[in-house]
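First the structure, then my questions, so here it is.
Labels run A, B and C following the written order; every chain starts at residue 1.
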Amino acid sequence: MTASANSNNGKVKTAVFKFTCCAGCQFALLYFFDQLPETLELLDFVYFKMARRKELDEPYDLALIEGGVSTPEHIEQLKAIRKQAKTLVAFGACAAHGGVPSIKDWQRELAVEERVYPDPLLINSIKVSPVDEFVKVDHYLRGCPIDEVEFMELIRSIASDKSPYIREHPVCVECKLRNNICILLMREGVQESMCLGPVTRAGCRAICTSNMRACFGCRGPMSNPNIPEMVRTFKAKGFSAKDIEMRFTEYAGMSTEFSEGARAYYGRKAPYYHRKAA
Amino acid sequence: MKSKIKALKLENLNILIEAVSQKYRAYGPVAKDGEHAFKVIDPESKLYLGCAATMLPAKYILQPVWQDLYSFKLGNGFQIEEPRLDEKLAVFGISPCDVNALLALDRVFGGKFADPYYWKRRENTLIVAANCTEVSKESFCTSWDTGPELYSNYDLLITELSDGYILEVGSAKGENVVAQLSLAEATQDDLNEKTARLDSARANTEKKLPVAPDNLHQFFRERFNHPAWVPNSDACFSCGNCTIVCPTCYCFDIRDEIMPSRNAGVRRSEWDSCQLLEFAEVGFRANFRRPRIDRFKHRTIHKLSWMKQQYGLTGCVGCGRCVRWCPSWPERRGRVTSLADPVEIIADLMEPLEKYKGVEIPVREAA
Amino acid sequence: MKNPYIAHPAIITNIRQETAETKTYTLEFTKQKRGLVFIPGQFNMISLLGFGEGPFSITSSPLRKEIFEHTIRLVGSLTGQINRLNVGDIVGIRGPYGSGWPVGLAKNKDLLIIAGGVGLAPLRGLIDMAIEQRNGFGEVEIMYGSRKPENLIFTSDYDNWRSAPNIRLFLTVDEVPKGIEWPYGQGVVTNLLKFSKINPANALAFICGPEIMMRFIVRSLLIREFAEKNIFVSMERRMECGMAKCGRCMIGPKYVCTDGPVFSYPEVKALPHNLLAASL
């Protein structure tokens, strides 16, 4: 019954590519070889720099794209990958939303380059964007780093040619289901209680909040987040405009919803906001 | 009639836990991160018998968050295997409101298509309820008469006294457990203390529904398009917290999972929430409850009025969990209150219409 | 206790392509010898083990019990998988669920059947029943609209319907692409009502289609002096269980899966949601 459309006796030919990121998600993938051997057995890696020294010479079914786009060359490479891949997955927070590198999008490009590089003229960098800014993305594996249960579900679904069951609900749901107390409602420990759980997409099994750490929104916005209310809640708890901006731009500031949160405090006078108007 | 109930004096709970855990897997409210949660307990556990003490209600023991409906083989033929559910469970310290919520769930999962998973667990479960000698400031169980005292539908019922507990026996199942304990009958003084404690709990309950339960149907009917819904739903995160902690919420999703071998799989149910956008979504991403206000109204009215029409029992038992765990605390009528609080929502709907001048009620589009 | 979640295997014995994205599947239980006893308008939950489950109307005549049919349009993940099935494949069936059309009430009455798009699916069993039991019902008028001629379903049945005594079929489409011959109406289904010769006093109206279409139809019917209680509509909602458990299909206090999917107009009107608000 399972119509396997994959080219290599049922195994999914997979290529892993890295753009602007810390490579932590690829590292997580290496770790999965130990943790999820049965699931990894479904994949046949034709290109995976970190794991084996084999250059890419054939087409593939699945492209896992790690990292955001930050140079013009990246855009060309990405478009070439899209042409080769049957299924393209944004692999991790940076590919899905720009991730940590995208914090720089909220500052002047030149100011950032001057701070980091001795000679900014040698640098050809553009703002950091999620991959779906340039190519069609079939599936997203969000999070910093990716979650193994979600990874497992995605790979098994791709191998069985069905759409994966990846829920769009907020972290609050998964947090409550684990019987955790609410960090956002905690009255003491002000900095700790800046939890983005009510607006952030889950799938992480509420790992941070289960360990009494506030959610920092690494998985980006949920299906329809109420950003104005989140900003109002933070304001009411006494957080400054800078705090709120930093919280929203830490991982997914390039998403329409979180950029709205980052701008909300300043209203229209939001500083250095580059992206298309929401 | 009350005198017929067998009332015993119990020195400490641990004797009872020990007796119960011999035959049952016992759950009870124990401390977790400064709050309380139902966990598997042993005679050494320290139970906390407070008012709706746990964040997740007892329903999650009877209707687990994730539940395997059946496993199946893929490929040739059509083979289904049902799970065996014959574990005997006992739940300690269920508040009267939660027992009343279970009665509502009994009707949801009963009827023409009785849910065998729920019922097998339900029938295998020993209910050791506990009366509330104190009612929390979020609770309004007295308005529904779902607490602080439980009158029936328990196997065993505990009431805390100054020097021990009264243990009342409500069923043969409960009788079997206490038979081996050789407990003394409670004295009239003990019974008087119980009555006094519960009466004082009742008297100290400040929170009240501003509308009589019988009139709620009419109340919401008249106010379905009230402008007060707009500012209320604007402050809602649609995060689903209120539905997950609610002891009468029952909605779930069903999905299939294929094993890595690709020749077998399981069909699972998983709790879901009407507050989430994708809950009512159909093909082509069409959605029958897209606006936040529709979802907000659905939870509020379903709990307070529609569930009574569907099942004859209230969908809100006044436990106050949604009040406590809603992350949104807007300012309403000069006070900062929990958004999910049914009492506050009703109070908002009772405000004069002039107060909401300029509030635009969104026009519903046909799906 | 019988487990109502368990699906029963049924084999696909025939597949008929209706439109580019819609097919009709003929099914037969492999174990259950009794067949499927149902009322037209009811639905089954169809399972593909490993891929999920969904509600689909039964589109065949209830008088043929040993086999039954489902007409399924490709819209999402599950229907995409169903679309790939071949004759001989096994699916899981549980049902029938829901209220169905009020066949008892319709005895000896005239029937006005109005459908849009795939909304004709839950009505086909009723039409077939009215043809097979011609003496049991009065006149039947079928008014069916679709977006384009190529989107019409059950086209192979039309001749059979037309040739039955006292049955009239009216068709309309929103647009006719260039180069296609189309001798029937053009415009919305409501336009077809002017051809109706049925006396509303002795007739029932059965409607299924998009909610916006049903809203206009109900309005036109009320103008034509159809009594509210004689108008029946079939509603659509997302369902996971079909048994009033999963809570998805609720409209106010009504479960579409068990109280519906067929509702009388007064039932829908009593809901506070203003769904088919037919303000005149």
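Assume contacts are C-beta pairs under 8 Å (C-beta built on N, C-alpha and C of every residue); 3 or more make two chains touch, one makes a residue touch a chain.
All of these numbers come straight from a predicted model, not from anything done at the bench.
Chain-to-chain contact here is organised exhaustively, every possible pair of chains being in touch. With centres computed from CA atoms alone, B is the chain lying nearest the middle of all the protein shown.
Simply put, of A-B and A-C, more C-beta pairs touch at A-B. If you average the CA atoms of chain B and of chain C, the two centres end up 38 Å from each other.
Centre-to-centre, using mean CA coordinates, chain A is 36 Å away from chain B. Separating the CA-averaged centres of chain A and chain C is a span of 43 Å. In chain B, the residues touching two or more other chains are 74, 255, 258. Residues of chain C in contact with two or more other chains: 49-51. Touching of two or more other chains is recorded for residues 1-2, 160, 162 of chain A. Of all residues in chain A, only 1-3, 160, 162-163 touch chain C in the complex they form.
The part of chain B that touches chain C in the complex is made up of residues 69-70, 72, 74, 77-78, 80, 82, 108-109, 111-116, 119-120, 220-221, 224-225, 250-256, 258, 265, 267, 269, 272, 274, 279-284, 288, 298, 301-302, 305-307, 309-310, 364, 366-367. Only residues 32-35, 37-38, 54-56, 65, 74-75, 234-241, 244-245, 255, 257-262, 271, 273, 276-278, 292, 325, 327-330, 336 of chain B touch chain A when the two sit together in their complex.
Those residues of chain C that touch chain A in the complex are listed here as 48-51, 77, 81, 84-85, 89.
Listing the residues of chain A that touch chain B in their complex gives 1-2, 10, 38-39, 41-42, 152-153, 156-157, 159-160, 162, 165, 167-170, 172-173, 176-177, 179-182, 184-185, 197-199, 212, 222-226, 228-230, 232-233, 236.
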